[in-house]
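These notes are about the structure you will find just below.
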Amino acid sequence: MPRLDASARGVFIIAATPFTEDGRLDLAATDRLIEFYLEQGVDGMTILGMMGEAPKLTEEEARTFALHVLGRVDARVPVVVGVSAPGFASMRALGSVVMDAGAAGLMVQPPAVSARGDDAVLGYCRMVAETLGEATPWVLQDFPLVASVPMSALLIQRIVAACPNAVMLKHEDWPGLDKLSAVRDAEAEGARRISILTGNGGIFLPFELARGADGAMTGFAYPEMLVEVCRLFARGESEAMLDLFDRYLPLVRYEQQPGLGLAVRKYVLWRRGALACPATRDPAPKLTEASRAELDWLMRRLERSLEHQRKESVA
Amino acid sequence: MPRLDASARGVFIIAATPFTEDGRLDLAATDRLIEFYLEQGVDGMTILGMMGEAPKLTEEEARTFALHVLGRVDARVPVVVGVSAPGFASMRALGSVVMDAGAAGLMVQPPAVSARGDDAVLGYCRMVAETLGEATPWVLQDFPLVASVPMSALLIQRIVAACPNAVMLKHEDWPGLDKLSAVRDAEAEGARRISILTGNGGIFLPFELARGADGAMTGFAYPEMLVEVCRLFARGESEAMLDLFDRYLPLVRYEQQPGLGLAVRKYVLWRRGALACPATRDPAPKLTEASRAELDWLMRRLERSLEHQRKESVA
Amino acid sequence: MPRLDASARGVFIIAATPFTEDGRLDLAATDRLIEFYLEQGVDGMTILGMMGEAPKLTEEEARTFALHVLGRVDARVPVVVGVSAPGFASMRALGSVVMDAGAAGLMVQPPAVSARGDDAVLGYCRMVAETLGEATPWVLQDFPLVASVPMSALLIQRIVAACPNAVMLKHEDWPGLDKLSAVRDAEAEGARRISILTGNGGIFLPFELARGADGAMTGFAYPEMLVEVCRLFARGESEAMLDLFDRYLPLVRYEQQPGLGLAVRKYVLWRRGALACPATRDPAPKLTEASRAELDWLMRRLERSLEHQRKESVA
Amino acid sequence: MPRLDASARGVFIIAATPFTEDGRLDLAATDRLIEFYLEQGVDGMTILGMMGEAPKLTEEEARTFALHVLGRVDARVPVVVGVSAPGFASMRALGSVVMDAGAAGLMVQPPAVSARGDDAVLGYCRMVAETLGEATPWVLQDFPLVASVPMSALLIQRIVAACPNAVMLKHEDWPGLDKLSAVRDAEAEGARRISILTGNGGIFLPFELARGADGAMTGFAYPEMLVEVCRLFARGESEAMLDLFDRYLPLVRYEQQPGLGLAVRKYVLWRRGALACPATRDPAPKLTEASRAELDWLMRRLERSLEHQRKESVA
């Protein structure tokens, strides 16, 4: 499998980690989920991200899951593996196993406890770059809402300059549009170009593309929307892009609830037949009856809206 | 003017604080803005909230502004005044001046520095209740994204039980729907009922109403949408409510950017003719050219969508 | 080995995790360190705490280290094993292995990400209690400076009431003396009594004992001081207790530097011959030349002071 | 009065703000306190710092207090006035009044809400520099434990380079010794030299002086110790410096309790006759009976130790 590089673009779906009702890893359900994602046309896959409930797996489970996914995907698309960990020993161990098994690259979010202030974040990233090894491309995750590590455009530039194997930014700052522009502006003035895929459920995706993002790396439960938005943007059809995006926005917004969002995603994926079971592992907030009813309502409204659109485009 | 009580409902708009281009309070522009809000049908007004840039005013400016607004509104709707302050001396001073001048009530967000853990938050609220005086109704603001003070439904109940003059909750936790339900459930089991108005730009307003909220207290730049959503909900027209809401959601989402959101609101209010100048006071993030272009685009698309709707409803 | 219960008292030393210069676990050095601690008269040992660099071990290393320690200690004193982890799967896996191997109990610090607000912390602790099993005693760690999870005395009472297998509080809030008193006051009024051992390097130990603590659970590099302070307190020799404590306070204070403190401890343990190598695993702040010189100075001054005391007591 | 510049050194005591038992500003008590500080030999005074309970004063009270202090001190030592505020309007207003009245300089701590990440902190400081005016020297406060704004040595250099009127660093990071060295190292390589006074109650003062600090800016209730430590250091009497310092360390440590420390300081100042009343303004943690007894004990032990020292030095 070719390794990730700065030319990566499109939709790298953040894959859910399927569990059985009683909380065990469900590898059979994983196969079905992978095929679902591929059928929606994703360009890549990212596993063991926060949405993948990575921190709740034992290291053995993480390894088992990653190797299973790599085997099933079988190089049809590149697979990025999240290896964020409190210590480098775990990061190195998981990273080397999955790279040997064909992963395209790794992903790391610097943790607040080890990275307080720009210099400390930079120092941490240097150690990540060295720990993973110069031949291993990695994605710098920038998710301050959860990680509490602010990174300015200037800091990102410094990291990119110091770490030749950092080839992609998973951009999910909020607000983040002007920062994205600032990273691209710096590249226009000579900084090394990296791929930028954006997160946050895609809630700003159309604007992020216009600001210079190369696509999305997020786990919204309707990956086909993310894919189509990227295609429409590439074709220059901005109004059609927003027309499509806005139909899904009520669900994107509902999914974009810190902590609860993962249960929302899994529920929708389950309702869509992509997951055998919507269970999340404890500790995790659960969907109440009321939330499920709201989601059912939003899904019905989306279907109606898409139906309406189909009829209009036929007529 | 009647004082705020637990029966309050509808839309209390969080009013912007108008400045001139060079950063001075603009009282003439304030008059125009007040009339704009009233024309959109708001049921009340809240000034000197975070959106009102209250912390950036000197105490004299805050007093001047509040008294001016109270005079201009002239009891047409109730006015709530934000008095959050690091110390009780300032809170008491501003509070007593504005209550004497006809404010309907005051609003306070407990600060993280004085309120770490449930007991401390409760203790702080007791002191607020005593500082403001038993005859002064106040609104408990629950905005953890900015204030970093988590409040559970149980804590809110304890505060309500301990502070008879706390008559309203400004609910802007995120995620917050199940918490809102939990507060109402507790009331069903005997807790004193309070009014609940919700914030966060209204981004979950339709569901919050369904969960038991009495309306909105937020500053979205199209107050008429908030008003109409509340009306449609009251009439039981849920689908029509969402149809309307979803047209505005792209803008609601864009405005809902921490820090930057205020500049967005003021820009849209200015573009709508409600503000003479979109300036915010430093320190504050500013809108870039790119952001303004994105907002112009979203506003054009909203107008087109509303036009389309008008034609459809005529046809 | 008898299991931990609420009668536990004295000094449970938080044991360092020895590494070789190149970062591998050093089990031979571990044996020497264990004997050092036992020679100083500690009443128990806690491993894989934050000071033990637990998060930087792979799960396999953690298991190997814990089993090795349990074997070497061989029931001479009770051993508590830290099992804090982002997910319950890892917590359960490590916990059951070490309990089977003779650990006296486990220790858990609720994480901020899963426990925001009192109700959430309580809910988390209930899940911990169930995950570990009712037959497994555990220590609730309360270390808000690092974990950012504030716990009031009332919350601790609620946790104790809800979790019969929570038998000890590792108290390291700061300031924490009045909270410690409040926990004991609640017990005087009927709450179930738990053991309380205190942390923070022992910097408030004499007062904590006077407020009702049963001893210390911390890793200060001179465990004999902690042991002797507890003995003098038990004998009612308060002035002698402070006379002794204050001789060590300059070093206690120097060690009490967030992040850096672990490197300080390991350096002093190494200088004392208790550790074969002072290395800490990355990511971790390192001691500069200047810091080492300051520590050497403080150690010389301590030796001189102890020498002076010995002469005085002989005379 | 000469303005503050980078040559400032010695002890700038952070002055308490005296209140009456019922919470009013006590200007008569202020006079007594000022004389107390001057009698202890302080080289300067800083008012309206966090220890001065500045955020709990109304703006009018702050102005009244500052002008009163400036009048009473009457240029016997330079007075620095804390003007940290959420908005620049208040900062500018207070700053210009006190500079006109003879203040030597102002002090500002960048707030987390406006300054997330190095670039934002730098941007904030530029605005501060401009708001205060180029003729007004100011002190950059770096107190991350309370303000949650991390500043690296590199960031401090950037601020110093960008703000010619920033003449002093109030250094109270923790751990902070190596950072202090790094700031001085940068100066050795060409950065503009600033004065560095250190805070945190003086708990690391002897080492900070050795690392290049010019003195202390803190409010420990025995200012004479801070003064004498600086003198002994200047004379090269390192062992005597630590001998003296270590006698006070038990009290320094007790005072160094976040939130509670101010009540401790005021109590000790009151017991020493320097304050007419130990009251702090709500919201603030209060000293319990047990804490007061502990402080009385520590003060008795200090007196005994000093008495012992006097006898020894006579003998």
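Each chain gets a letter, A, B, C and D, in the order it is written, and its residues are counted from 1.
The rule is simple: a contact is a pair of C-beta atoms (placed from the backbone, for glycine too) under 8 Å apart; a residue touches a chain by one contact, two chains touch by 3 or more.
The model shown is predicted, which means the values in this text are computed figures rather than measured ones.
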(Q) chain A and chain B share one sequence, so how far apart are they rotationally when you fit their Cα atoms? Give it in degrees, rounded to a multiple of 5. (A) 180
Q) Can you name the chain that lies farthest from chain C, using the mean of each chain's Cα atoms as its centre? A) B
Q) With chain centres defined as C-alpha means, what is the inter-centre distance between chain C and chain D in Å? A) 33
**Q.** Length of the line joining the C-alpha centres of chain A and chain C, rounded to whole Å
**A.** 38
Q. In whole angstrom, what separates the CA-based centres of chain A and chain D?
A. 47
Q: Could you list which residues of chain C touch at least two other chains?
A: none
Q. Which residues, counting only chain B, touch chain C once they are in their complex?
A. 116-120, 144, 150-155
Q | Footprint of chain A on chain B - complex, ascending | A | 174-175, 177-178, 181, 203-204, 207, 210-211, 239, 242, 246, 249-250, 253, 257-260, 285, 288, 290-291, 294, 301
Q: Would you tell me which residues of chain D are touching chain B in their complex?
A: 23, 53, 55-61, 86-90, 93, 113-115, 123-124, 127, 146, 281-284
